[in-house]
Each structure stands twice: as C-alpha cells, then as structure tokens.
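Following are the structures in question.
You will see chain A twice below: alongside chain B first, and alongside chain C after that.
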Partner chain A sequence: MEDLSIILQILFWGLYAGCIYILLATGLNLIFGVMKVVNFAHGEFLMVGAYITFTVFLFTGFNPYVILLLSMLALVGIGAIVERLCFRPILGTGKLNEIFLSIGLIYIFQNGAAMIWGDAWQSVKSPYDGISVPVGPLSVPLDYIIIMVVTALILCGLYLFLKKTTIGMQMQATSQNRKGAMLVGINVERIDIISFGLGCALAAAAGTLWVVSGQVFNPYMGAIPAVKAFAIIILGGLGSIPGAIIGGLLMGLAENGAAFLLGGIWKDAVSFIVLIVVLVIRPTGLFGGKEG
Partner chain B sequence: MLSNIPLSLRYATALAVIAAVALPFLTDNMFIVNLAVLMLIAIIFASAWNLLACSGQGSLGHAAFFGIGAYASTLVAVSLGITPFITIFIGAGVAAVIGILIGLTCVRLKEWFLAMVTFGFAIIVQTLVVSVLAPMTGGWDGIPSPRLVSPAIPGYQLIEYYAILLITIATIIAIWYIMRSKAGLAFLAIRENETEARAAGIDPVRYRLLAFAISAFIAGIAGALQIHHIGYITPELFGVDNSFWPITYVILGGLGTIAGPIIGTVALTVIWEGLKETGMTFARYVIIGIILILTIIFLPKGLVSLPERLVEWMARKKRKMETHPLTGK
Partner chain C sequence: MKYSVFIIAALLIAAACIAGCTQQQASTQSPAASQDTIKVGVIASLTGPASNVGTNMWQSAQVAGEKINAAGGVTLKDGTTKQVKLIVGDDESTQAGGQKAATKLITDDKVDILVGGYSSAVTSAYEQTIAEYKVPYIVTGASSPIITHRTDIDTSYVFHHCPTTDTYGEYTTQFIDEVVRAAVNKKLGAPSDRPFRLAVLYQDTAFGKGVQTAVDNTIKTKNLNIVLVSQQSFKMGESDFRTQLTAIKAAKPDAVYIGAFPNEGAPAIVQARRDIGLNTIFLNVENNDNAQFYKDVGQYGEGAVIESRFSPYTAPAGAVAAAQDEFKQAYFKKFGTYPDMMGASTYEGVFIAAEAIKQAGTTDKATVRQTLTTMKMPQVIEAMKDSTISFSSGFRESSFDLWMEQLYPDAAAGETRPKIVWPDNLKTTEFVLPSWYEAGSSA
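Let's look at the complex of A and B:
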C-alpha cells in the first residue's frame, strides 16, 4: 500500500509538471508550425507572464486564476511586438540566425525583468493554499487539480479556435503550405503575428500556473522549462500538437520519477539524457516525420 | 599562401600583434593586463566556437568543453604535480575526446536539434560534476587550481600575459591553416550544402566529427588557461552564460571569419567594461542583447564587414550627389 501511494504521488506530480510543459510546448509548436521559426527565448515569455500575474496580484489582490487571462492578453501584445521587430526581419535567413537572435532576446528579457522586479526569488500565495482534496489514497492540493482543469480548458479552447474560426483555419492552412496560403489570399504576415502572440499567451498561462502552484520564481527561471519544452516537441514531433501533449506528460513523469529515484539534482539532467538517447536512436524525434 | 593576403590586412595584423605585445609597457595598471588576459582567453574560446559554426554546427553548450578542459587540466596538475603548461593540453585532449562522443550524437541532427543536445549536454556535465564526481571536483564549492605561473616569481603577471598571448597567436594561426586546408574547405562545403558536398566526395560525418574534435580541443585550452589564471575552479564554468558569450562575440565580429572572433571580443569587452564604469548591472546585459539583435538584422556579416559596407554606402551617396535630381545627369 505504501509503495502504491508513492507511485501514485509521483504520477500525480508528473501530471502537474506535465501540464506546465504542455502549455509551453504547445505554444512553441504553434509558432513553429506556422512560421517554421524556433524561438529559444520562449521561456522568457513564461517568466514575464509569471511576473505580470505577480504584479497585478500584488496591487489588486484578485484571484490569480482570473489574472491569468490578463497576463495572457498582455503577452499577446508583447509577443506581437517581438515578432514584428525581431523575427520578421530575419525570416528565411537561416535557422542559426533564429537561434542567435533568441540569445539576444534572452539577454534582454531576463535582465530587463531583473531591472524592473529585482532578481530575488518571489512567490504568489494562492487563495486555495493549504486546502487538500482526497483523490483515491492520496491527499492532493486543490491548486494542482485546478491547474489541470485550467490546462485542459485552455487546450480545448485552442482546439476550437484552430478548427472552428476563420483565423484558426487560416493558421492551419499557413502551417500546411505557406505559398499556397498566400495564393488563396491569406495574409500570412498577419497570421504569423497572431500565432506568435498566441504562442506567447500560452507561455504566460504556463507561467501563471507555475507561480500559483506555490513555486518560487526569478527572472532567470524561464530558460530550463523552455529548453525542456523543446525537448518535448522534439520527442513529440515538430509541429504536432497531440505529440506535444503526450511528450509533455511523459517528460513530467520521467522527471519526477528520476527525482524520486536518483535525487532532485538529476531532475534537469534526466530530461536531456532522455532527449539525447531518443535522438541517437531516431534523429528526427519519436514521432517526427520528414518535416523539420 | 601568404602572398594572397591583401596588404591592408597584413598591416592590420601586424599592428594588432604590436599593440598586444606593447600593452604591458603602456600601462602599469595590472587591472588592464588582467583584463587583457581574460580577453585573449575569450578570443581563443570564441574562435573555437566559430570553427564549429563554420561546419554548420551552432553549439549552445560550448561551456561544457571549456569546463571539461579546465577540470581535466586541474585534476591532472593537482594529482600528478605537472606544470599547467603541459596539463592544459592534456585537458584539451580530454575535451576533444568527449567532443567526438557528443559529436557522434549530433552529426545527423538538424541545426536546432543540435543546439538542444549541446545545451543539454552542458547541463548534464554540470550535474555529473556536482553529484557523482563531487569527491574529486569538490562539488559546488570547487577546488583551488595551480597557477599557470607561480605568484612567487617576480613579474609573474607579465610572464603569464606573454605566455597566453603566444598561445592565442598560435591558436589563431592554427585555425587559419585549418580553414585553408582541405578540411576547412570541406567544413564550408558541408555548411553550404550537405548533399552537394557528399556528391563531391566529402564524407560529412567524418568532417563534422573532426570539426567537433578541433573545436572542443581549442575550447578546452581556453578553459584550462582561464582556470590556471584565476587559480580556482567551480562548476559555474558550465553555466549558460559561459556558453552564450562566445556566440555573442562571434556574431558581433563576423561569423565564419578569422578576424571576427577577435574584433568581436575586443569590441564587446570594451563596451562591457565601459558600461561597468557607469554603474550598470542588469542594463549591461540588456544593451548587449540589443546590440546582438541589431547586428543580426542590420549587419549580418558582423563588424568585419563594416568597412566594405561603409564604402558601398559612400559610393551610393556619391552617385546620388552626382546625378541631378531633375535632369538625371
């Protein structure tokens, strides 16, 4: 019985960590799918999203789960500006340039945030802090359950947006064939900006959920989750949103399993070991096809 | 081979070498000499990264090789009691072997997969150093490392400066020869078009591994030099910052050129130290980030291409001046 409850505990932690990774990886995938751009600075948007939630919470004291929407909206704007000023001028000049540009963005965002908010560790207290709910043999914090529900809602919303709205369908068309989309009269540059903003909004949601779950954060916290999100989309296949969801859950589980078995220090390294092993066996990723 | 270098470039090189040799005579300030030593090491490191980038492989984890060279050199020097002048190359050799191993996983990968693997590799190495290898490496606290030139010798700072200057010049000449050899041309061919390179009889896997090995070796030298200069080693060497600096230097100076890493490192160091004088902390990084992005967008070939860009711009302006706006004559 003891063992079972430990395994369940790890599963549950993995599921929760997976939710954050899924949001981050889905955002990256959306941007990659439409623009074929790799933004290594994606974690910085998670960090900014976390800080916006933190600031609004500090001033108004609203429920952080409500501020999530505001934070997402703010990041749509920031994302659109970054796309227009930084990524559009170098679109099509080579993959390495995108990576280098992301490094510049990482410098700017991390240290810009440190200038505004300082570089100390911060945290946000959730209104449901300390409330636990029994799930089977486990007693889990209510916040974790809310986080899973919110993640599911956001993903459903994204699904409906992509399948049912005109812009969503235009995004799908652009991601399938950019030239073809241009030919049928889709303004692909507008679609680029929208996708980038939307991807950033998903990162903001991930950041907000990260902080309300009681995790501490500082301006440099975004780098590692972002790289893990990359590992996830490589595992799940570039541009595939279902792949990102499966990959995110697997990564959350592998990481928490490793932290339990090997000690917390291995948490970050394990995700990269998994990534390298997978890439040695399959250089295009687990579910990756010809693309990329 | 030397005869096809333009005269202006030969003068510039001679001038740079003379300036570097004369520097300690121009200033008594040991802070500046110390800064110059760190700058020379950064030039070696940036050149190592640049060599790998020449073969189309952009690494985001070069701090791994930098750190491996430093740790291997320190541990050998401490346990066997050999002078750091020899262990530097042993450390670099270890870095090269590990470079080949990591290169083996990377050779078939696309740019951003490779970037990810190298980035992750630096984190894995750091984790190993502070966990499994901690009894040897001292974990997060680090261990003292023997100095390159013992501080007991009078004028040790100057001896150290000239030793490192010599190694830097030797490294740059070596890279220059490599880039003009068959291997260097193969690197460029693979970067431009792998399929065509293969058709021309170049084995991309072999040459990519070679690039990895050479680059890791040189990065290892840089790491070992830095640690023996400072006299203490900690796992912070493997930090993300340390992986990003050479990239920033090279992009600003000019990717894929011999002079690029040198010019970029000198320019950025001057900017960096100048900003420090104004008392900036975080803002310095923001400015570096903005410079990096502006360079990528407006000066994609780096500062190296600035003279020809200026000449081009002047010529265009002259042409405009000569033609009358109305008559067009």
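Let's look at the complex of A and C:
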C-alpha cells in the first residue's frame, strides 16, 4: 500500500510537470502549425510571463492565478510585436534565418530581463501555500490541483476557440494549407500575428504556473523548458495540438519516473531517449501526419 | 521590407549592447595607471544559474580592493607602491564561459594573479589554462578537493582558500552524530545505539558528489552509527526536487543533508516541507548562508541547519566579529545588501593576493606562487586555525574554524535567522528539534 502511494505520488508530480510542458509545447506547436517557423526563443516568453506575474504580484499582492490572465494578455501583445517586427520579414527566407533570429531573441529577452529585474533567483508565494487536499490515498497541496484545473481550462478554451470561432477555423485552415487559405480570402498575416500572440500567451500561462508552484526562477529559466518543448512537439507530431498534450504528459511522467527509478541526473536525458525511441518507431511523431 | 530589416538589425545590435552591459569591466582604477597597478583578475559567475553568489563574490572583491587602495595600496620591497586594479571575468556559470573568462583575463588583461571561482565543475574546466600560463590562482569558492588534488594536470599554481567538501562534509557528519542524533534519541526515548537514518540530496557535480562522498567516508572511517537510507542526485540548476524528495521520504530519514547551491537548497526545503510533508531537519552546505537563501526559504527554513564560517546575519563572538561587521557595513553601504560567505572568502582572497605580492616584492608569477606556499598572514575576517592564513604543504589548502547554525523564525525580518549552536566554544544557543519534527522511525 505504501509503495502504491509512492508510485501515485510520483505520477502526480509527473502530471504537474506535464501541465507546464503541455502549455509551453501547445503554444509552440500553434505557432509552428500556422507559420512553420522555428522559434528557439519560446522559453523566453515563459520567462517573461513569469516575471510579469511576479512584478504585478509584488506591487499589488493580487492572487497570482488572477494575474495569470493579465500575464497572458501582456504576452499576446509582446508576441504580436515580435511576430510583426522579427518573424514576418524573414518568413519563407529559410530555416537558418529563423534559427539565428530566435537565438538573437533569446539574448535580447534574457539580458533585457536581467537589466529590468536583475538576475537573482526570485520566487512567488501562493495564497494557498500550506493548504493540502486529499486525493485518493494522497494528500497534495491545493496549488497543484489548481494548476491542473487551470491547464485543463486553458486547453478547453483553446479547443473551443479553434473549433467554434471564425478566427480559430481560419487558423486551422492556414495550418493545413497556407496557400489555399490565402486563395479563399483568409488574411494569413493576421492569422500569423494572432497565432504567435496566442502561443506566447500559453507560454506565459506556463511561466505563471511554474512560479506559483514554488519553483525559483531567473532570466535564464527558459532555456531548458524550450528545448524540452521542442522535443515534445517532435514527439507528439509537428503542428499537432493533441500530440503536444500527450507528448507533454508523457514527458512529465517519463522524467519523474526516471528521476525516481534511475536518479535525478536521468531526468532530462530520459525525455530525449523517449523522443528517439518514438521517432525510430514512428518518424512523424505520435500524432504527426505523413508529411510530418 | 527594408524598414523591417533595419528594425531587426537594430534589435540585434541592441541585444549585443545589452549583452555587453552584463559584462562588467569595472575596476578600482583607471586603465591609464595600469603600469603602476597590481592587476588582480576576479573570476565570478555574473550571469547564469550561479549569478547570485557570483555577483556577491565580485562585489566583495571590490570592497577589498577599495580598502587596500584607501590604505595606500601595496608597497613592494623596492619601496614602490602600487594600487590594486580589479578586473572581473564572468564565467557565465558554465565551463565554456569559465574557460573564456580565464583566457581573457590571462592573455588580454594580463593579470598578475587570479582570485575567485565558484562552481567546482566550472573552475576545474579551466585549470588547464591556469597550468599552461602559470598564473597564481587563489580559489575562494569552488569547494571540491579535486581543485588542488587532481593529478591529471599541474595544479601547483592553484591555492584553495575555502573549506573543501571533505572538510565540511566530515564536520557536518560529526555534528549530526554528536548533536542531532542525541536530540532525536531523546525525543524518541530511544537507546543511544539506535542507528541514525540520514538521507543525502546532492547536486550531480564534483561539488555535490564531494559532499556525498565525504559523508560516506566519514561514517566509514569514524565507524559512526549512521545509516545512509537514501542518496538522491539532481542536475545543477534544477528547480523541481519533488520526485527525489518523495523517494527520500519513503526511506524514512531522521535528517536530510543537502549538497546544493542556495538557488537549489532553498526550493528543495520549501518543496520538502510544503509539498511532500517531509518534516525533518535539513542540513545545508555553507554556501547557502546567503541573504537570498533566507528570503527564498522563508518560514520553511525553521529548524534547518547550515554549516558556516561567515553569515550575513550572525557572527561568532571573538576576534573576527568586529572585522566581519566592518566588512558587512562597507558592503551594505556600497551595494545595499549584505555579503555572503563566498563573498567573504573572495574579499579575503584579494587581501591574500595583495599580501603575497607584497611579501614576494614582485609581480613575477613564479615568485608569487613560491611566496604563497610558505606565506603566513593574520586572519582577515573569517576565523582561521591558529588565527593565521596559510596554505598546507601538500594540497595548498587553508584551514578554517567552522560552526553550525540553526535557523529560527524572526518576526521582525519575516524570515528565519541563524543562531550558532555548535561547537561549544562558539555557540549562542542549543540545537533544538522543532515541535513539528518527525523522526524516521519510532525507535
């Protein structure tokens, strides 16, 4: 019984980590699906989202879960500016340009954040700190339940947005066939900017939930999550939102399972081992189409 | 399109400029006077995961440089007096960054002597460069013994001015055996021969492994009645320790020794107490005695123990108290915060560098190295064995007087604050188990 409780606890931490990964990878996939751009600076949007939540929390003391909405809105704006000024001019000029541009953005955002907020580690205290709730045989902090619920709500909202709104359907159409979308009168540049903003907002949500869960952060926090987000979208299938969700969950569970069974140093490595195994078996990823 | 290209170019240039802004090239004197100066290179992590401690080290070095220069600088044997000029190299908390910083300081800036180094993994990565150019280097932060014990390269120019993981790992294990064990047995009403259940959570680097090995070796060599019930590792810079802590809790420890940096140690304790319900005593390595650590660990730090030799918030009574206070005040006046332990040893490192050149009477690197091997100077701000700073003949290590401090809630600060609980000659209060403490087993 005790062993079962430990396994359930590890699965729970895997689910929590998976939630952060899902939000980050879904945003990245949304951008890639529509624009087909490679943005290595996606982790920096997570970092900026975390700092916006931190700053507003510091000055107002508002509930960080409420500030999450503000942070997402701010990142919609920042994302739109980055898309308009940086990615749109180089769209279609080659992957190398996109890669170097996004690497440049990493430095801009990291150093900019270090100048504004300093590079000391920061933390945010949740208003629900110290409150635990029973979940089956486990007693888990309320924050993690809220994080999972918030993630589910955001994903449901995204699903409804993509399936039920005109813009959402235009985004799907652009993702499926950019030229076709243009031919039927969809303003793909407008769709690009919305997709990029939305993708950044999801990264901001991931950043906020990261800091609320008691993890420390600094301007360089986005690098590793961004690499993992790329691994997740390749694992799940490029451009596939369900793939990003399943991939994110798999990654969270695999990492925590490996940390428990093999030791903490395997935590990052196992993500990429899973990725390699999946790609060998199914080169287009779990949910990828024939063309990947 | 052209307009957008210009904007991108402007953004990239801005990035380069901003990046440059973080590469502080401050010095205590103008470059024009460089011929009349002693150039001391300070290698610190100004950016990256260890930037909090690295910034503290660099700022402490600046306080030392200013104090030396205000007192007239360094007078050599020929009667000439030289001011100290500090030049910082940012190791970026990475091995590649450390290599770059060391090479630049030695070949471009042509420093006379080096001070600093925090992460053992980073510092050991550029020791080959130190060996190649034969520049005396006083390491003030990297605590793995491999820094001067390794035999694959020549480390004869490297001097270790901070306790090694061997030293403080042994010291902390002895404290556990003598003090924590007695308190736990008393609480449980257990016999004195009850094996103490210790878990270790360590960073998977030379530093963290050094702590883990030191604990293991101390238990074996001193035949201590301590059982290592769980040993969990994590990668440097990790921020999520929940799975490892779950495994540790399952092993039912009486205490957990954490071999981690402050940015890892604080969240590990918070996650253990808040998320896992691991209500035990956490023992921490000395580099955690840092203002940011107290802020990050918050109320969950209550009852935790830190092995220390310099604290931003306490000092042992005696000779060094006034000197430590003077340093803290000078640092606070200049930077608005308090220095940490790595800052303190780096502050001393600059004094040691200046004294070595003074006693050598020259900046010739071989002569300075030779001087360092035999030099004795009075302790500066940290309590040293025999109140003297000197380096051992074998591995060129200085010897510190250490202490253990326990964290208590401080309502005025809204955080915890340390009180020295061991050894007997330094302690200001007794070690106590908090009311919420849960031992690993009932007997």
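Rule of thumb we're sticking to: the second predicted complex is superposed on the first by the 282 of 292 C-alpha atoms of A that agree within 3 Å, B and C clash if a C-alpha of one lies under 4 Å from a C-alpha of the other, contacts with A are read in each partner's own complex, and residues count from 1 in each chain.
Note that in this section contacts are C-beta pairs under 8 Å (C-beta built on N, C-alpha and C of every residue); 3 or more make two chains touch, one makes a residue touch a chain.
Predicted, not measured: the structure shown is a model, and the values here were computed from it.
**Q** Let's test your reading of the overlay: on chain A, do chain B and chain C clash or fit side by side?
**A** They clash.
**Q** For A:K95, is the partner it touches chain B (first), chain C (second), both, or none of the two (neither)?
**A** Once the two structures are laid over each other on A, A:K95 reaches chain B alone.
**Q** Answer with first, second, both or neither: which of chain B and chain C does A:Q9 touch in the superposed model?
**A** second
**Q** Scan A:P283 for contacts with chain B and chain C and give back first, second, both or neither.
**A** first
**Q** Quick one: classify A:Y107 as touching chain B (first), chain C (second), both or neither.
**A** Both partners, chain B and chain C.
**Q** Which holds for A:W121: it touches chain B only (first), chain C only (second), both, or neither?
**A** The answer is second: A:W121 touches chain C but not chain B.
**Q** Once the structures are superposed on A, label A:N187 by its partner contacts, choosing first (chain B), second (chain C), both or neither.
**A** neither
**Q** Report for A:T165: first if it touches chain B alone, second if chain C alone, otherwise both or neither.
**A** Neither partner.
**Q** Contact-wise, after the overlay, does A:Q176 reach chain B, chain C, both or neither (first, second, both, neither)?
**A** neither
**Q** Looking at A:A231 after the superposition, I want to know if it touches chain B, chain C, both of them or none. Which is it: first, second, both, neither?
**A** first
**Q** If you lay the two complexes on top of each other, which residues of chain A touch chain B in one and chain C in the other?
**A** The answer is residues 86, 89-90, 101, 104-105, 107-108, 111-112, 114-115, 119, 224, 263, 265, 268 of chain A.
**Q** Which residues of chain A touch chain B in the complex?
**A** Contacts found on chain A: 38, 40, 86, 89-90, 93, 95-101, 103-108, 110-112, 114-115, 119, 223-224, 227, 230-231, 234, 263, 265-266, 268-269, 271-273, 275-276, 279-280, 283, 285, 292.
**Q** Considering only the defined contacts, which chain A positions touch chain C in the complex?
**A** 2, 6, 9-10, 13-14, 16-17, 85-86, 88-90, 101, 104-105, 107-108, 111-112, 114-115, 119-121, 123, 125, 129-130, 132, 139-141, 144, 214-218, 220-221, 224, 256, 259-260, 263-265, 267-268
**Q** Under the stated contact criterion, what part of chain B meets chain A in this complex?
**A** Answer in residue numbers: 53, 56, 58, 60, 105, 108-113, 115-117, 119-121, 123-124, 127-128, 130-131, 240, 244, 247-248, 251, 282-286, 288-290, 292-293, 296-297, 300.
**Q** Where on chain C does chain A make contact in their complex?
**A** Contact set of chain C toward chain A: 1, 4-5, 7-8, 11-12, 14-16, 18-19, 21-22, 47-49, 51-52, 55, 204, 232-235, 237-244, 246-247, 250, 262-263, 266-267, 270-271, 274-275, 277, 292, 296, 298.
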